[in-house]
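Heads up, the thing below is written out as structure tokens.
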Amino acid sequence: MAIRVNPKLINELEHFGSEDVFNCYHCGNCSAVCPHTDEFFVFPRKSMRSLQMGLERKLERSIEPWLCYYCGQCSEQCPRNAQPGETMMSLRRWLISRYDFTGLARLFYKSWKSELAAVIIVALLTGVGLLAYGFWQGNIQIYDGAGAFLPSSSIHIFDLAVGGLMFLFLAVNSVRMWWFIMDPKEQGIRLGLYLKKILLLPWHFFTQKRYAECESGEPGTVHIPWLLHLGIALGYVTMLILVMVFLHSLQAGPQIVWPVHVFGYLASIGLATGTIWMLHARLKKTRVQYLRSQGSDWIFVTLLFIITVTGILQHILHRVGLPFAANIVYVLHLMAVVPWLLRMPFSKWAHIIYRPLAMYFADIQRAVLAARAAATGSIQQVRHAA
Amino acid sequence: MQNCRIGVYVCNCGTNIAHIVDAEAVKEAVSKLPDVTIARSYRYMCSNPGQEMIVKDIQELGLNRVVVAACSPRMHERTFRNACKTGGINPYLCEMANIREQCSWVHVADKLAATEKALALTNAAINRVRYHEPLDPLTAEMCPTTLVLGGGIAGLTAALELAMAGHPVYLVEKSDHLGGNLARVDLTAPYLDSARDLLTERLVRLRQNPNISVMLNSQLKDLTGFVGNYSATVATHNGHELPQEKTLHVGNVIVATGYKEFDASRITHYGYGKLPDVITSFEFEEMLRAGRIQLKSGRPPQYVAIIHCVGSRSKEFHAYCSRVCCMTALKYAHEIKSALPDCYVSDVYIDMHAFGKGHEDFYKKSSEVKTLFLMYGKNERPVIRKAGPGDDCQMLIEVDEKLSGERIEIPADMVILMVGMEARPDAGEVARLVNISADKDGWFIESHPKLDPVATTTDGIYIAGTCVAPKDIPDTVAQARAAAGRILAKIAKGKIEIEGVFAEVNEDLCSGCRMCNELCPYSAIVFDEVKKRSHVIPAACKACGACVAACPSGAIKGRHFTDQQIYAQIEGVLA
Amino acid sequence: MSYEPKIVGFLCNWCSYTGADLAGTSRIQYPPNIRVIRVMCTARIDPTFVVDALAKGADGVLICGCHPGDCHYSEGNYKAMRRFPLLKRLLKSYGIEDERVRLEWVSASEGQRFADVVTDMTERVRGLGPSRVHATLLTDQRER
Amino acid sequence: MRVGVFIARSSPEIGVNLQAIANYAANLSAVEKVRILGSPPGLKPKALAEEIRADKLERIVLAGDSPGYFKPVFTRAMTMAGGNPEEVRLASFREHGASSHEATERAKAIVACAVHATPFPLVAVPRSSTVNPATLIIGGGIAGIQAALEIADGGKQVYLVERSATIGGHMAMFDKTFPTLDCAACILTPKMVAVGDHDKIELITNAEVQEVSGKPGDYKIKVLKKARRVDIDACVACNLCTAICPISVWSEFDSALTHRKAIYIPFPQAVPSAYVVDPENCTYVQTEGKKCGACLKKCPKDCINLDEKDQVVEFEVGNIIVATGYDLLDARRVERYGYGKFPNVLTSLEFERMTNAAGPTGGKIVLKTKKLNKRTKVEEWVVQPEAAPPKSVAIIHCVGSRDEKYNPYCSRVCCMYSLKFAHLVREKLPDATCYEFYIDMRAFGKGYEEFMERIKAEGTFIVRGRTAQIVESNGQMIVKGEDMVNDRLVEFPVDLVILAVGLVPSQGTLDLARMLGVPRDEDGWFSELNYNGSPTMTERGGIFVAGMCQGPKDIPDTVAQASAVAAGVLRSISSGRVEDHLSSVALSEIEARAAQMEANEIQVR
């Protein structure tokens, strides 16, 4: 059965940043230099091809964009400046919007203005709400303990509520991702296989090892982008856990609760260095992957930066005994945190979940494909059947 | 044969010859041979003293034959022939023995044998030279008028080139207008320049030039004679009365009859002629010029598909590539995007032949305007079918797309078939008339595909443009000028020099079997119907000697390579 | 003194003769037994030349021309090619060994090849021993 | 006639001042409206039709770098507005070379012609003056040789100036030529000899044009004739000097596969058939006669003069033909193919020499081997006939071509010679596997497609996909690429790699262009006067371009161009006139003529 070509799809993808994909004349250079491509998943050229031809269904269910970490090799060596790396990036953005059932992701990606507006509104609501609550029940001169302006107990509940909401969205989207990619209707993959491979999920989640494989050209060289990437990811997760579980001891003070705070400090360092480096990279366009920053990218880094800074600041202010300032900064901190959390399922930040999932699915598919190939003999045939 | 007085000169070539071949001994040996008046050996025969030695001996000793045993004739034959000339005897009365390249340099190990061989070769040369005859180059008149067949860009260019040099030209065009296929084109690839201006410029110059007489509705009926002196019969049709025949005296002929496009209806499943909006590139060209890119229904298309290699690069039709279609297709992609900004263009190709100046950049530009390039296999073919009621397009093109490995269907409202070039149906007829040959595809054959792309095996007949093979405009124009250039060179010389070496038929011996007529690659041998004898046109003969060897009655003599001379040489080397 | 065969070579002017010259300029060595006669094209070579050469005492005859397709006169070498088998048949009927007469293609850039051909030919003909043609003819004449 | 002039912004903006042109056009009597389009122009047919109706325009002139790109939308608009679609005229700056210093003035003239619906070349005809019948040809490759012979056969004097010591150019280095596979030497050397012998051709080898002054039809030429140090007429090419010469350096003619001496002959059939001294490496020359001089003693004809000095030759000509050909792109620049790093990665020219029957290996295809250079005492990679042949060979197309980092353009000949190489490999090494990596197989010429089919049938693995890189793993070269037709990534182990390296204008082209005032295109090749109409003329009077120096092309096309150029020269000689530089025609003159021509209704269609 022939697949219908859809020349119009590119118009949609252009909003997600596929600007140069039509420059590609298919020399195959990119696929051959990509450190991640393998006999099962050949990209980026084939993804670019599907995009040029507008093979929507094929793209929707493709894992390849998640296997790409945008090391930039392909874009640097492209003879016709078709930016394969950027195309893969744009495909990830598009996929995020596809997985998202609310349609917010699509809206945000299509116009960064709308996203910014949403963020500001949520921030203001949060701010106003918190101040009202604070003045109503507490004293702005007190940071914690009795009569605290924002008592950790209630903030904890608030955090849990917001976090829960976020996780809800994310969970639904992740299921959609699974549905698209693994296509349970057509290729019914046994649960057993999922279970067999389940450990890969946390493994990829915590190591991001595939990213480390990028530019594996020069062995022994420490791969900075990966380190910072890992720093941010782990830092963020640690913080999330601390806030969601140990918020009370986190906010307790002025004395330092080492068993808890030490994690906080480590996480802060990771986040701070990571975000600063990212901001710098995007401003200075240091590497090919930072040449084209979309609005959403900026919002992402800036918010994270604000959160980190305010987070650290309110902690310090509290320790040095300036409760008033600490409270104000704390409010600002939460004003950034809330939109940030709510935005997560609809933004680049969803990578943190989607990537490990994709790796996990990819490994399962490899197993399946390998098995079938063993039967039929040709990996090509199998890949096509799939 | 008058009594021979032969002078033999053995060159030492410094030590090149002498250190292996005992030149003295050779000299001594040959000096004893009959008819050898004088034999000398000298350090460098090619040096001025060496040459003067020959001149002096001819004048003082009355030599009438000269043999030089030295290097390869390819190196110095000319030198010694000139020496003979200065000495006052016919240059062809000189013969060389190659005792360096083919003796002293290759038999270093065995001086005796080398000397023996040198002697044999010299001996052979002496034997041969006895039978040498004085030969004089012939000259024939070169008529400065040129006949140009075909009024396309090639014919126009060639005609102008000649006329602007001040020589008369007859431009014979079969149809009722000049301009050929180019007149049907709006813009040219890859720079989208105006084809019309290109043509207009030439047509105006043509009209302003008194040297050119244009003959429309005319065809060549007959061509006789040889280079410099052809007489051509041209028939002109005007209206219904019988064609008038005119005989023109011309020196050279340029064949620039061009091509015709492939008939798309021959490929049944492209549905050309059945599906309303499947059109050929030339039909689309008309739409462009009229400013109406629209479907039969009158509305502009939303999807246009361009299919390459229609009739080209295929097993059943033409094996060859038509060379210009790829660029034309890219041109269409641009033009469609210009006229209909919201239209989607798919370009279904096999290999993108963007080889010329500015072509690759043009290809890139067409990618930038989001032309969707889809690749199909050379021996496969897209299938066009009507779309269903639910589809937002009229037709669907199904094809195995090579770069994705998918079987796909491409939406299309209009399909443009890039029809290839093919030889004109009357190409064979023209070839026969001007007696040149055409290849299996009907393209005319060059005298040498690389080093002589515009000349033919018949002297004075030149070919240019797309009647030789598919070609784009710059290459056609270059070829047309090239052909004109050849002719200008000849005209500049005034007379045609014909080297003394050619074949001649002894009419008393000729049995009129005509075997040689077929044999001659240059059709230099013609049959005299009255005498029932064949005779050679020296101007056309290239002296290969094929006919000499083949003539059953030994009636043909290959000057300077006569049987006698060669037998004498054989005897000489074996003595 | 050991027997040294005499070989007559007919070389076309455009490819093989030039090739032979190249062997010279490149100093590629080969046996001195060959005696070269230059013709414009192999098509000029009348079978009787070959017969004549053998009759006059040649132990072998080598014909060299342009590679098929390279002929200066577009197809002269094909003519020679077509003529050759007939010649061979004729010589066979005379009882002349097949290897005494050879047709080879040598281009203007194949100096080495020319040398190889000549060397090989010389060895083969030497192997065959002197040609009887010349001798027979002489005795015939004496008997008459 | 009410004319509307629309000026399109050219990208990248060439040296024209659009506003100046707009002002100029506005002052032309017929012009009713002038508008400079935005960039991107974002032209909508309906809106344009409205505009045309509103201003009652009967003719539209589209001016710009390549205005043809916008013609269809205007033609459509014209039709919609009920006007005559034939009345959309182009004023193309690029086509008529408005890119040089006087770009804006030229552009104005082009616009004026279009406004009067007359082709620019028809109007902008420079005055002609009497011509000196002698011709200078720069470059002795096949293009120069062909042009020289054609003109000389017409009985006219030719000065053929060649930079190297022999004529023949690149073609002399080739073994066989596609698609007929006939030997290059067989067809080229007779022509070279003819040039050497021709009494109408003065061959000046080992020389470079130093100065060109004067005007069309009467150019004064200064040529620097470098000391050859060997008497061309006296030398009999006996090779004794070379035999004795102690110096050995890489041979240029054998593209550095083997060595040559400091006194040498480039190749046996060189024309002139005489030796030459390489002063950079000759001990005698370097030590100003203090050391060596062995060849002097050895030469039996005393035709060596190591003290000979360079000299300047001066002569006058009417026309000049530029046929300076091309060079290969430096393959080292394309790092991922490891040329210069891996000994057995060869350029196309190196392979041509290796496979040449008259080359260093006598035509054997072998792997390079290490050999101690006795003089320098260093090990170097050389080819030796007895070395081992490769078991597998990869031929890589488009090396540095069709790539925006190197040459964005296609080099036009690589596909075919690569197929030829594949054939030679299969023919000479039947057991070797041969891979060919390509992007598009550009077999466009007469008999090319058939040739490609033949090669495919011979069992070469033809991979649709450009090689990404060549890596080495324990001594074995591996070519990596994507075989997209079979939808897989490939990694073939190979012993020998042949790079089909792209072509670039020959070194010195820039200086020559400056000297002659001939513009060059964006890729550095000489610009023709008019891409379609006059592909072999330039905008400088009496100066022509032929062959590769105008852009990559194969032998037949080069030869055709050379003959075409000869035609141009012979035409000017026999008419006794040569046209002046295009820039010499005044704007006012062009305006007047154009208007007059329109009045006389020169329109044919």
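Note that the chains take the letters A, B, C and D in the order they are written out, and that residue 1 is the start of every chain.
Basically, a contact is a pair of C-beta atoms (placed from the backbone, for glycine too) under 8 Å apart; a residue touches a chain by one contact, two chains touch by 3 or more.
In this text the structure is predicted, and so the values were computed from the model without any measurement.
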More contacts between chains, B-C or C-D: B-C
Cα-centroid distance, chain C relative to chain D, in whole angstrom: 44
Whole-Å separation of chain centres (CA-atom averages), chain B against chain C: 33
Intercentroid distance (Cα basis), chain D paired with chain B, Å: 23
Computed distance of Cα centres, chain B from chain A, in Å: 68
Junction residues of chain D, two or more chains touched: 180, 182, 187, 402, 464, 484, 487
Sequence positions of chain B contacting 2 or more other chains: 74, 352, 364, 403, 405
Chain C, residues touching no fewer than two other chains: 18, 25, 27, 72
Arrangement of touching chains [line / ring / star / complete / other]: other
Touching residues on chain D, where the partner in the complex is chain C: 175, 180-187, 189-190, 237, 239, 268-269, 356-358, 362-363
Complex contacts: residues of chain D adjacent to chain A: 336, 398, 402-405, 439, 464-469, 480-484, 486-489
Chain C residues within the chain B interface of the complex: 4, 6, 8, 17-18, 20-21, 23-25, 27-33, 35-41, 43-46, 49, 52-53, 56-58, 72-76, 79, 83, 115
Interface residues, chain D side, partner chain B - complex: 43-45, 66-73, 75-80, 85-86, 88-90, 92, 94-95, 118-122, 142, 146, 150-151, 153-156, 177, 180, 182, 187-188, 191, 193, 197, 234, 236, 238, 240, 273, 300-301, 402, 408-410, 412, 440-450, 453, 464, 484-485, 487, 521, 525, 528, 531-536, 550-551, 555-557, 559-568, 570-571, 573-575, 597, 602-605
Chain C partner contacts - residues on chain B that touch it in the complex: 72-74, 98, 100-103, 105-110, 113-114, 116-117, 120-121, 124, 447, 457, 519, 521, 542-546, 548-550, 558, 561, 563, 566-567, 569-571, 573-574
